[in-house]
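Got some structures for you, see below.
One chain, chain A, links the two complexes that follow: it is found with chain B in the first and with chain C in the second.
And then the complex of A and B:
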């Protein structure tokens, strides 16, 4: 019955069979799958990419040097692959590569297995989406995880599916939640201690964020950790669901029963630091949108949570925007890095500040703006770890005079964030973070009478506006110690793709205008670009194969900007959609 | 596609609403012609939304809006095909998804959508749809256990006793801030009015606040045990709103046909009958006059 709900296309031909036999011999022991040790060591291994973030610490750094500042000009396409069909829209995935096979997800919950040498398709899995899903923010998927002989990914109807890497056959599947209640899943799963770690996506009211761990081999739940205080966590002991303590303290930072529906969706993927053995997961904004209705910090919204993978308990938390009133989700990734023997982590928030935390304790070490204009706070108090607010908050619609449109406030950054979902990179060589930032603000006002589901409603109106005439996007090299911007590259359209840096002294990222670009990691000089035919909002990766270094990136314009962009949408109006994967290597000449 | 040029012809169409009169001198069939040719009027209604549109034991979509849709279709001489749609974040989104553009996941639009606000201000801001066929007025009311009511202002009562609301609604937001926040800690949130009223019946709450139709329907046979009525809600511009239908801008002949049909259903008592079928008292819309179409100039600005 369930099988009939899903369509699968498996293509096997003689060529593919031949290359499979070759890769088995490369792998050493026949049939050896991806191990947890390989995943934890992904950042230093160069012949594969087996995790989200090119290493689950999230640095997106490869030590490979074969492609470097001197020769990057000779980078040419090795092959290109079309996701096919009439389905296009945003392609935000990061590919993973192992044993000569590349696995990449595409819009509308599709997954492809491709021969990483030839670009030929091995198999394709099209998840059949039910009618009536209402995803908030395009039909994207950010990537798959590898574990053993499985490739695991999430779907728009909030399922998680594990397929056999060789055959594309479904090995297990699990329901994360009910898509009819507004849940979906678009992030790339993490693999931690033989468990699959996921969050939940869903902008709907009443959704409660949570982080879940499942047995990676069977999909059976191991623990659940809610991201709003007052909610009970659970752990499975000998197959039995057991209470595992509530998150935080009930009603400590929420009035009434509002914690029961408090939001804080964990819709972006997390990172895992094998050194401190902590999972870092970001949380979204609190609900409802009107901050005046929920006095208090509203924990654990707009925070990074550090979760112990063995116990499923919160080891520490850091909240970026207490009592958020601007829709500044805190879901952006927390990237582990070491500096002078200290275990730190960096986070570039929607709210415009870059935070450096001690990742063993969550203590704030440094915080500074990484965009030119931040209106809502003057800075972050390093002693208390709290923002010094300026008072630029939207008014309370309940207090508006005579039901008129409330006064409009202009505030930067916009709710799409000084940095959105697109992951930054960190180079241990330069000790710099490379942050895909956007310079935009928003007009915010209250509409005392709007309508929702046919009923009068108090809503908020907004228009996103660029801050500069000549650019919105800015790729910035950020020094986490000094807080200085070392260099920047300005881009006309907002940046929406992931960043990667390499031992060859290069920084790669894509642009909505269709280019994959390479920059000098020290100066920001643009050294190479290639037009992929549609906007690049995916995440580039690099690996070594048959003695050569390769670079791959998905291409296909979409995501939240064209849906939400307001005035900004004008800068991207003429961009064509697409759906393909590009792979590059140095020209043989 | 704009049929503004044929305004005069269309007016005739409406006056003599008969199949034979529909041979308008247009190259393409207009929306009404297409509906009549297909023999089906596709109507978007909200899913899982009692008493307006919900599934009965046999999976059939029933309710006030469902019955109105079928009655309108019948008067046009076609069958009704109901499209149960989820509510998006705002009414603007719902109109885009179901009336004038279609959701980006595909599926196209319906011929009309019910349970749409009939409000000139809202219509001005949403000029890609035409707002027609006012059919009732909805109002925020409070239902209170009878023994709890004596001599109290209901809102004052809720500074001490629990009141149930549907999450993320005007009533919810109002009670969270009313009385300077003194009600806030007594507000209990439910996903639906049905769930809130179930808790009220069990004695877990002193009252429920929300739209009259939903509360009356949920109270059902127990309505005698509760006092249900509007309360003063200082600060709110209005505690009621009118409901009507929307069709895509430009589909004037279809809009006029539906408008005419609903007026007839209102005048001949069918609407009142439909409401009472679901245990809901019927209230006439506060506005029955047409909402004036936008000027050409304004439409031009939007494109």
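And then the complex of A and C:
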């Protein structure tokens, strides 16, 4: 056979390895694109949604008032769209909308372009995923970014794909890293100064977290900033990769070689504040979970990093849980807001505390619990910015009999967090944060562990337990100044969807039971709900089109809770998967 | 030469226009030598109803019987025509008709490839010459079927992604041309298998050492898994094969000439 013949002698030079970003040559550019100015002004523009967070600061506030407390009862579906396929799972995306087109991502790295007036599909992109992907916490995707004529999103095999908004054809694709080592990317990219800013997922596999900036038009790298001390950052000058200083100081807060597989995955999306010109990116837990193996603060895990977009250097950092031993990632969003002329930022951490930082310096201004039970710390010392720990930590397995399993402790919150990934909202009208919180704890114990590429690197066992019989989820209106909970809405199942608030005095969020709900932003009174058919763990958005205000939210139960929820499973057992997008407007009647 | 156009039909319907084009109305379009039920539709959708002629100079070699519906070797040879600007290969009874397009540029208008067939089908090559006329050749392959809706063999192997994009091949120097035979590892998923999205090499460009484009290929889902291509190129010591799939994954390799 011919084939056998020429396979005997292979006369081919592989030239692929070095090329990380590929521009596909034949894709053209046409029509008015999304400009950086439009992205920067997204928080105040009402006829589009062109950024994650409905504005780069991440407030998820729309000034629109057409749908308000008086008429929200008349909200009815305008159209619904099915993501199709046999694969469903969690739908955690936030849609983006521009020029009559809606772009929404779905589970299994799928992206849909939909006519925002009719709900008809324009095109869809199904990423071909290899079998060996290692997503820790469901095969979700949190959304796409728009830039120029591109729609850009990350995939479960750690690629960034930029497609033409009109055709759905790939314009460029960049490889973030090796999915076999545990890397993936599920957050929505952030667009800052004509760059795509992304992180990496894979903290449970000992990957090294980092924030990367790429040219948004070509996907070519501009800088890399690792989120673990000791690792070198890089910047590209005239196309040349140049050393840009290591993050922190090697071995200052990490023992031995542990920093080399130190985690701090940057698996959430970042925010950007144009007033201070800083990118805020959260970092995950240090690896492994077993903290006895890594005495020290373990910078820059469980922190918010403020990164200068021009230099790729860390301007400041604030660490929420030094020497995290509970998997209290610090990835949750840092939302910029101004109060009495001061530039502040709010952050609701997995560890149960709400933090207010001075966003020009990272200095702690205020910190208070936003859940009813926090076991690991009594509070946060406002002078030092450090937690006052109670000593409730799992025991060291090395000191146990046989050295196999350390003493187990019960601690609240659980590692799924007082608040997980689901983004909160801030209303400049009420000056309140609306935080999707959960009340749960966990039994937690440590085990010995060594790093192996592509294998879970945890060294811990756990089981999650609800703290109350009647609810786990609680949407809470939090006053960042007084630390008071102004109102709360309790939900039977854990809340796992994003929150949005509007100038119409409304707060929207979804529930695993399938409802999209609207609340009075001052009282918490439930004013409206709609059953979408599957759990809502996506992020609602609103925009104006042809003189009417619309609201959209993905529906489809999934995410980390059904996979990791332990004893919570009985609460969510009968919640069925789905995969659709719902769009609402006021009834014409 | 018998040709027909959509434009012409509009003329006939309008009835009053004088059409200067020397063509024959659709009802008497050239009889299809393969007598295919799909021909009329293919003519409209793939060739835009443009002027066509069934031409023996377009040779399409297909096996009478496909031993393996997922790997049917075909050879399209339009060398006898000259001045070829484009070759379009299609399988009429496949759920996805387009198989590949070739812009010969400097290459001989000839291509050997393996394709998937869903059932017994006419396989045709439409060859566009510089005068805007499509010259058609074709053959019928009998097949047990299912080639487009069975999962690629590679997808059964968990490790398929690690070899994806690998290129093996060789250039054979000849008196006038260098013959290139190249295989690219790729699952070439049609999207018709449940749970596996369409995933296929979309474009390939072959350049010589000076960077001149020798030929361009546009592949579609029905090209077999791990495509094997045979081309006749202008003489070269080495060529670069460059391309992308529909997910933007790169293909880039240099293929050298050599003696066994």
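Assume the second predicted complex is superposed on the first by the 536 of 589 C-alpha atoms of A that agree within 3 Å, B and C clash if a C-alpha of one lies under 4 Å from a C-alpha of the other, contacts with A are read in each partner's own complex, and residues count from 1 in each chain.
Going forward, a residue touches a chain if its C-beta (ideal position, glycine included) is under 8 Å from a C-beta of that chain, and two chains touch if they have at least 3 such contacts.
Just so we're clear, the structure is a prediction, and the values are computed from it rather than from any experiment.
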item	value
Contacts of A:239 with chain B and chain C, given as first, second, both or neither	neither
Partner chain in contact with A:139 - chain B first, chain C second, else both or neither	first
Which superposed partner A:396 touches (first chain B, second chain C, both, neither)	first
Contacts of A:261 with chain B and chain C, given as first, second, both or neither	first
Which superposed partner A:131 touches (first chain B, second chain C, both, neither)	both
Partner chain(s) touched by A:293 [first = chain B, second = chain C, both, neither]	first
Partner chain in contact with A:453 - chain B first, chain C second, else both or neither	first
Which superposed partner A:172 touches (first chain B, second chain C, both, neither)	second
Partner chain(s) touched by A:547 [first = chain B, second = chain C, both, neither]	neither
Chain C-contacting residues of chain A that also contact chain B	131-132, 180
Chain A residues within the chain C interface of the complex	2-3, 5-16, 19, 22, 24-26, 85-87, 110, 126-128, 130-132, 157, 159, 161, 169-173, 180
Of chain C, residues touching chain A in the complex	155, 158-162, 165-171, 181, 183, 187, 189, 191, 194-199, 203, 228, 240, 244, 246-258, 260
For the chain A and chain B complex, residues of the former touching the latter	89, 129, 131-136, 138-139, 180, 203, 205-206, 255-258, 260-261, 287-288, 290, 292-295, 396-399, 402-403, 448-459
Chain B - residues contacting chain A, complex	46-47, 49, 84-91, 94, 97, 103-105, 107, 115-117, 119, 121-122, 138, 167-170, 172-174, 176-178, 181, 184-189, 191, 211, 235-238, 240-241, 243
